[in-house]
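All remarks here apply to the structure that follows.
For clarity, chains are labelled A, B, C and D in written order, and residue numbers in each chain start from 1.
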Amino acid sequence: MICKVAIDGTGYRLELDGESGGWRCRVNGQEVQMDAVLAQPNVLSLVIQGRVYQVRRERRDSGWRIWVGDICYATEVSDPKSLRSRKLRGDGEKGPRQLLAPMPGKVIRLLLSENSPVEAGQGVVIVEAMKMQNEIKSPKKGTLRRLAVVEGAAVNAGDVLAIVE
Amino acid sequence: MICKVAIDGTGYRLELDGESGGWRCRVNGQEVQMDAVLAQPNVLSLVIQGRVYQVRRERRDSGWRIWVGDICYATEVSDPKSLRSRKLRGDGEKGPRQLLAPMPGKVIRLLLSENSPVEAGQGVVIVEAMKMQNEIKSPKKGTLRRLAVVEGAAVNAGDVLAIVE
Amino acid sequence: MFKKILVANRGEIAVRVIRACRELGIASVAVFSNVDRAALHVLKADEAYAIGAAAASESYLDIPKILEVAQRCGADAIHPGYGFLSENAKFAQACADAKVKFIGPSAASTEMMGSKTRARQEMEKAGVPFVPGTSRGLESIDQAKKVAAEIGYPVMLKAAAGGGGKGMRMVRAASELPSALEAARSEAQRAFGDSEVYLEKAILNPRHIEMQVIGDEYGNTIYLGERECSLQRRHQKVLEEAPSPLVDPEMRRRMGEVAVRVARAAAYCNAGTVEFLVDAEKNFYFLEMNTRLQVEHPVTEMITGLDLVALQIRIAAGEKLSLKQEEVLVRGHAMECRIYAEDPDNNYFPSPGRIEMLTEPAGPGVRLDSGVYAGWTVPIEYDPLLAKLIVSGQDRPQTISRLARALQEFFVAGIKTNVSLFRRVLADEDFLAGKIDTGFLERLPASDAGAEAEKKRNADVAAIGAAVFVVLDSATRGGSNGGGTADARAGVSSWKKAARAEGLM
Amino acid sequence: MFKKILVANRGEIAVRVIRACRELGIASVAVFSNVDRAALHVLKADEAYAIGAAAASESYLDIPKILEVAQRCGADAIHPGYGFLSENAKFAQACADAKVKFIGPSAASTEMMGSKTRARQEMEKAGVPFVPGTSRGLESIDQAKKVAAEIGYPVMLKAAAGGGGKGMRMVRAASELPSALEAARSEAQRAFGDSEVYLEKAILNPRHIEMQVIGDEYGNTIYLGERECSLQRRHQKVLEEAPSPLVDPEMRRRMGEVAVRVARAAAYCNAGTVEFLVDAEKNFYFLEMNTRLQVEHPVTEMITGLDLVALQIRIAAGEKLSLKQEEVLVRGHAMECRIYAEDPDNNYFPSPGRIEMLTEPAGPGVRLDSGVYAGWTVPIEYDPLLAKLIVSGQDRPQTISRLARALQEFFVAGIKTNVSLFRRVLADEDFLAGKIDTGFLERLPASDAGAEAEKKRNADVAAIGAAVFVVLDSATRGGSNGGGTADARAGVSSWKKAARAEGLM
């Protein structure tokens, strides 16, 4: 079986083959001595050239997280289109940027009003979660184009709080 | 929802009803104050009149095992036919009785030959498993009608080893 | 001895107390808010009762509701844990009025120590060493400015009713004072229902070392050794150890004796902790007394072999302290990591949510006091503490390497945790040398060269693992991207057969 | 120090050694048979290599294969664990010949002690107290009958190469002797590849108490206190504790000194255990020396605060013993339960199979050394030991109640375990009073009145629980008996919504 995966944005082409008594595995065309068993749901034990790895999978809306031991890799599999689309999603310094809630919580304070100038790193909104106040800061210098929440609002992780342009 | 269950062979009739904010529960017609949540797959937390119970389910070929804490109950649900058939399965002293392997293992010795007389509690077959030799004994006095295995045979739990009549 | 104890708390500490009750043959009663019905402390208790909405003020801080449950179920004592009502003198008094034993000090002791300003006045009288500052709550911003100018910046604002870093603010200049005071007051109000805030000189990068004391109702009070709690982020302790690498036997004796004097001055009964700031010259200043069980009490349990919660319960039941000062036998070393639901890669923002996978460490020298389980959804309303990982060893180096081993075994998916922070701490040379103070974590480099190198090195392992999951998924579903058997409880070899049967391998 | 250690074992002890290696910064290498590819010790090691078929003789007992792996992967030492090759002098010699350090005593010490008959001859020379019997292997049934008649029945047959109850037979009368000798010989042959069997006077219901010793390569040998191992079934230890309720400091010192004398007479290096039979008058007789780590070593670790596996590795690497006899600080009490895959309701028949559910105990004073995990299929080929639950407490009563609490938290489904046996033990009055001997378990009533009453009382809870499962199953499947969401990872509340949406509730 041929399989394409992207690990933290880097593409790999894998050929996997299971025979009685073992696996055959090629990574980017190169043969690798490998054995795999599923120890628990979403938990693999890999032995690669004698070395043991515990590999876990966590499914997220945005794709998989693959953990090798305690190191986590953003992973996309078998869908070249989504790889391309991710690259197109603007994360650069130019253009409007969204402030997203990094966790679920409650907006307890708006520190700026719409259309005020804002510095990179300046606090814009305070979200309270787990008894801690968390200042959500602007990722860039510019103008606070929009405040998408009001004080007291409950927000979920990933909700847009504000837009800085 | 009306539900019939047999716990260790005793029948119960339950009426269960979930409203917003809680459950309603009748056991054999009698109202019981009860709340239930599924904490993990096959693990319930019940609160019955203030008392907390952890109830687990284990699916077996023969029905469910329901565990309340560390106490285990053989459980059959909603299928009156299987209740009846269980009662019909002869466990009495009369008639032929099967000797079943209580665990997977290897037959290392036959202690009697077919058609020999056998006392209740007398060893018939030795099965080795997990480095221990386990003597499988006759449940009754009678005649060893049949030996279903040979020395060296691998057996699974529940396999018939012999029949005593 | 008590017959039934109500545990007025949640999370790991409620589980801790329930376990102690069970070991003493005492029935335990959990109380829970609407979002905590399936919480671990509810699952583990003998009885459980709902006490209201998610907001703590409507449940875990609701004194009448909790006492109503205690009386309805016939509890003869209440253990408050830490946080919530544990240092609330009104609650202790209300328990006394309701003839339910409060497992902790008297309302009077709690009240004296609960107001940091009053505590300061009393302790100054008893000759306990102090950091310069106000001994009363600030009445106005002008007063605050005046005092701060007198003792010199930086100064520290602290909630009079506080603890655990809530309502605390470091102020470096007069211009920051108004907003800091307002923030500290509002946080104090929200956290403790009391906005009183006081001010004192900030000692830069001191050590935070505390002494465990315990006293019975017959005037016997002893100390059980110190805990080094300098590793803090946002005034929240993160890793504690005992003994402190700084403290020698002579200093331990002196601190212990001051701590016992503090407890005696407050007519203190039951377990308590005297916190000290320690400067670079090993001078120690009284900071506050926590009139309750500390989060980090297990490190003291590990090095003394004692069970502090069991002792608390026995003392509250009127038993005499079972050992004398000279019978306290300290052996070995212990450390505790507070595993928080927070994202170390994203400014330690809280990370509540569903725990999708959980693997817990075990084996020699490892103790886990957890309040969570796989499948449980960590609510947003409460403290982000998931569990405490405590390890003990023969000495500090063994304890550190054992902790590193245990952390490696700890795995959580679904929510983020601060486990990777500890890896960086344990690899730090200053930490290994015992050179720590409250500024340590701020100075600790955020990058982890070791982890980054490992990440690069193992990227192809991740690729192979991902591809194996794709193969396993497709083996039974036939699709190329479905949610196949690798999710489900597949036998180790059954999928191979299936894959072969379908000609996929 | 070593760079890489091969662990020539499986199960919990392999995991134990791998953890010690990790804490010492040493790479660990697992070896595994065909049925153990997914075993916990393989998952936890740094490297892993297949060594053959399921039968131990073709894998874990195959000396050339194991040494071949050690040399291929560059291991500079081998830890044998217990059982398998741990007391095989040929293996120790083969390691020495291959220039791989065997972590344990020399082949010569192992050989002397490995033959119980030779050990007896040597120890008698050194003035060690003995139970009367043959000091050589039995040559014929006639010789056996003669000796037995001389010393009087009952007598005990023992495998000369044995340990752990294999190849042992109690014989009460001359008529039983021929079949017992044959059985003991065949079991000894199968278990140890050596059918030599000897005979000695059986001391009825003695205590079995053993003394841990440890010595370095420079002649320093100390004892680390005794373990009470009298709770045995079929000569297999089931529950061990330290200290022994019988042993007072004076007796401990005397036993310890004899044990050190035994070790010195064997020029013994590394960790070892001297086993004694103790009669009702507190006389102790040398039984054998186990020239390896014992299964029950953790109880000694708990009361001394030492890490025996780490000490073993350090000593094998040529380090000096890091402490003197007077620095051994015993504190508190500890007990270990061996959790076996066996069915206590069915004559303790082995119960291999798939572990469907597993909940492990944790919290204060609880240590779990496990070799299994949920989803793992316990193979039929090996010892039924799944895990060791070790608890420690301030004293024996606290340790017992803590153990009861921890056992209550332990849950295994899919296979049967002996957990319920321990509940009966811990409730027994003789046990609580410390009145135990090797006949204790045989005398222990099989019925558990407490459990039976509880079972009756909670039958309606089981009924309610079963009915709730039926409702949850049907809520998402629509069928009345399907395998619905209650199996899957359903959210706590999502099924309620689903059930309501479908009008079922």
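Here is the rule we use: contacts are C-beta pairs under 8 Å (C-beta built on N, C-alpha and C of every residue); 3 or more make two chains touch, one makes a residue touch a chain.
Here the structure is a predicted model, which means the values were calculated and not measured.
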Interface with more contacting C-beta pairs, comparing B-C to B-D: B-D
Identity of the chain that, by mean CA position, is farthest from chain D: A
Chain centre separation (chain C, chain D; CA means) in Å: 36
Inter-centroid spacing, chain C versus chain B (mean Cα positions, whole Å): 45
Chain centre separation in whole Å, for chain D relative to chain B (CA means): 30
Rounded Å distance, chain A centre to chain B centre (Cα mean): 48
Per-residue multi-chain contacts in chain B, two or more chains: 37, 39-41
Per-residue overlap in chain D, given as positions that touch at least 2 other chains: 37-38, 356, 375, 408, 489, 492
Residues of chain A touching chain C in the complex: 1, 3, 5, 7-8, 10, 12, 14, 16-20, 25, 27, 32, 34, 36-44, 46, 48, 53, 55-59, 64-71, 73, 75, 77-79, 102-105, 129-134, 157
Chain C contact footprint on chain B (complex, rising order): 35, 37, 39-41, 45, 47, 50-52, 54
For the chain C and chain B complex, residues of the former touching the latter: 30, 37-38, 42-49, 73, 373-376
For the chain C and chain D complex, residues of the former touching the latter: 15-16, 19-20, 22-25, 37-38, 298, 301, 305-307, 309-310, 329, 331-332, 354, 356, 360, 362-370, 375, 377, 392-394, 398, 401-402, 404-405, 408, 489, 491-492
Interfacial residue positions of chain C with respect to chain A in the complex: 166, 183, 187, 191, 234, 341-343, 346-347, 349-353, 356-357, 380-384, 407-408, 410-411, 413-414, 419-420, 423, 451, 454-455, 458-472, 474, 480-481, 483, 485-490, 492-493, 495-496, 499-500, 504-505
